[in-house]
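Next come two complexes built around chain A: one with chain B, the other with chain C.
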Partner chain A sequence: MKVTIKYFGLVAEAAGKNEEVFNFEGTLTSGELKNKCLDQLSILDRDSVQVAVNQNLDDTIEIKEGDEVALLPPFAGG
Partner chain B sequence: MKKVFVQGAIPPEKIAQSVANHQSKTNIGAHSIFLGQIRADVVDGKTVAAIEYTAYEEMAEKVFHEIREAAFSKFDITCAHIYHSLGTVKIGELCMFVFTSSAHRKIAIEATNYFVQEIKSKVPVFGKEIFEDETHQWKVNN
Partner chain C sequence: MNRYDRQIQLDEVGPMGQDKLRNAKVLIVGVGGLGCPAALYLVGAGVGKIGLMDHDKVDLTNLHRQVLFQESDVGKPKARAAKEHLSARNSNVVFEVIKEALTVSNALSIFKNYDIILDGTDNFETKYLINDACVLSNKPWIYASIYKNEGQLSVFNYKNGPSYRCLFPKTTRQNISCEATGVLGVLPGILGTLQAAEALKLILERGEVLSGTLKLFNIMLGTEQTINIKKRPEEIEAIQQNGILPIKIECALKNEQQWYLDVREIFEQPKPKGNNVIHIPLGDILSRYREIPEDIEVLVFCQSGKRSKNAVDLLKREFGFNNLKNVEGGIESIIEVEK
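This part shows the complex of A and B:
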């Protein structure tokens, strides 16, 4: 399955890009996908990064083809 | 829906203009305004010169809308306006403007506090604190 993952803030900085197409076999939850990506990017502090699927924070949902996945580092608005 | 994000700093004139725009709404008895200003924090001897804001814009606009809906159901406010910067905002400049209006002050003040808290904790906005020597660190809301 192919999904596009959007990166933001320090995650985008670590990746050197704003998004990436991720290929995987079988099924993955959003939390598992997040951990795989963070491992690739050598980001150790997994808990500080949240995952959004179709713009909703959720680390337990099963990823489907065409989902919009985003890795979100700590928020700093205001 | 009106867009929340503005490119660069929020000009102080925008605040005066917003107040002026509400003077014809005579059921309003109180406005409450929050202005976020970029602070020259010092970290390990280095001084912050600016913050560069980025956002997951589509999700952020959706969350701003949800916060707005929740605020209107919680508080008896007449209107509410939110603006947040994207891009570079220098120290001393404004990066956020929350403006609520109500018949009475207490409701307006509580609503503004609610907006600020919710925005800080729920909206996917990211801030790169740029120091005077051009190094940087990523800001985290407490």
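This part shows the complex of A and C:
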């Protein structure tokens, strides 16, 4: 299954890119996909990173072909 | 001629809207990169009362982005310096200068006197504090945060809408400031101006308020993204039942027997616990080097390892310290990971 993943903040920095197409087999929820991505990027602080699927925050929805997934870490600069 | 003529001409403002602006009270928490441009436009628009809250003083490195301040302001309290420049711009506006940090004990009594809270802060502890105090006092707040070339913008707690805890129920220990990462002055300039636009929409009761919506900007890519935020009622109920839920971003260091020197600014997080940590911000190191032991190994750290390397080099060159070792991986590499 092919999905587009958009990275923000520290996650984009760890990935070295802002966006990529991700391929995987089987079924995953958005939360599982998030953890898979963060594992690959060696990001330990998983819980604070939010996941949005097609512009809606949701970590339980099942991912479908062509979904756009965004990984949003909090940041606080001002 | 009415000084507000050019905005009164708009259907969204008109004479009635101008009255609403004159009767409005906005508190700006943090008069920095975000708060300065927001204040300039709100004062220009004729908002009746503006609170300027900041415990910090103007530093030379603030000037590239904190557009209210001039070279002659360096060393002055930000809230007071801001008031001087803003009163010169519009003498009809009433200002309250608050040279204190926002705390659990003063938040509710200060918020009580305002309709809208505009967040110009730079750390998670204060953002959660603003959120909880706004939920308890039933006031909307206008949120913005920046990280390098990215910005986030939203309006929370507006007419029963989602709160900051609905977006980020769990926080992170990674509080990274503009001091540590760098930022172009225009980014907080844009976000602070957009915060002022949201404040005007709230006051005028016109347009689409960014409630339930997170806007994400990347100025280097020129992109903008919108994310819909769902309300998490349990997060809001927890505040209503328990009051402000302070976030303490503390951490334990791996080795309790080891001496450490933390050269970050006082507001940077996480804050290490324990009596084995000496805290001297890099800017003060030349005047306070006597506080550092010379006869025992001291590990020097900051957020990323860059400032602490400068500190180690400087202390060796200037005063001959040979017992200092830089923590190359920054604070995250020496923290005891909680189970």
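Going forward, the second predicted complex is superposed on the first by the 74 of 78 C-alpha atoms of A that agree within 3 Å, B and C clash if a C-alpha of one lies under 4 Å from a C-alpha of the other, contacts with A are read in each partner's own complex, and residues count from 1 in each chain.
Methods note: contacts are C-beta pairs under 8 Å (C-beta built on N, C-alpha and C of every residue); 3 or more make two chains touch, one makes a residue touch a chain.
All of these numbers come straight from a predicted model, not from anything done at the bench.
Of the two partner chains placed around the shared chain by superposition, chain C is the only one that A:L44 touches, whereas chain B remains out of contact. Looking at the superposition, the partner that touches the larger set of chain A residues, chain B or chain C, turns out to be C. Within the superposed three-chain model, A:N23 lies out of touch with both chain B and chain C [touch as defined at top]. Judged by the touch definition given at the top, the superposed model places A:L10 against both chain B and chain C. When the two complexes are superposed on chain A, the residues of chain A that touch both chain B and chain C are 6, 8-10, 12-13, 48, 52, 55, 70, 72-78. Only residues 36, 51, 53-56, 58-60, 62, 84, 95-96, 116, 119-128, 138-141 of chain B touch chain A when the two sit together in their complex.
Of all residues in chain A, those touching chain C in their complex are 6, 8-10, 12-13, 18, 44-45, 47-48, 50, 52, 55-58, 70, 72-78. Of all the residues in chain C, the ones that touch chain A in their complex are 30, 32-35, 119-124, 127, 144-148, 150, 152, 167-168, 170-178, 181, 183, 188, 214, 216, 218, 221, 225-230, 337.
Within the complex, the chain A residues that touch chain B are 6, 8-10, 12-13, 48, 52, 55, 70, 72-78.
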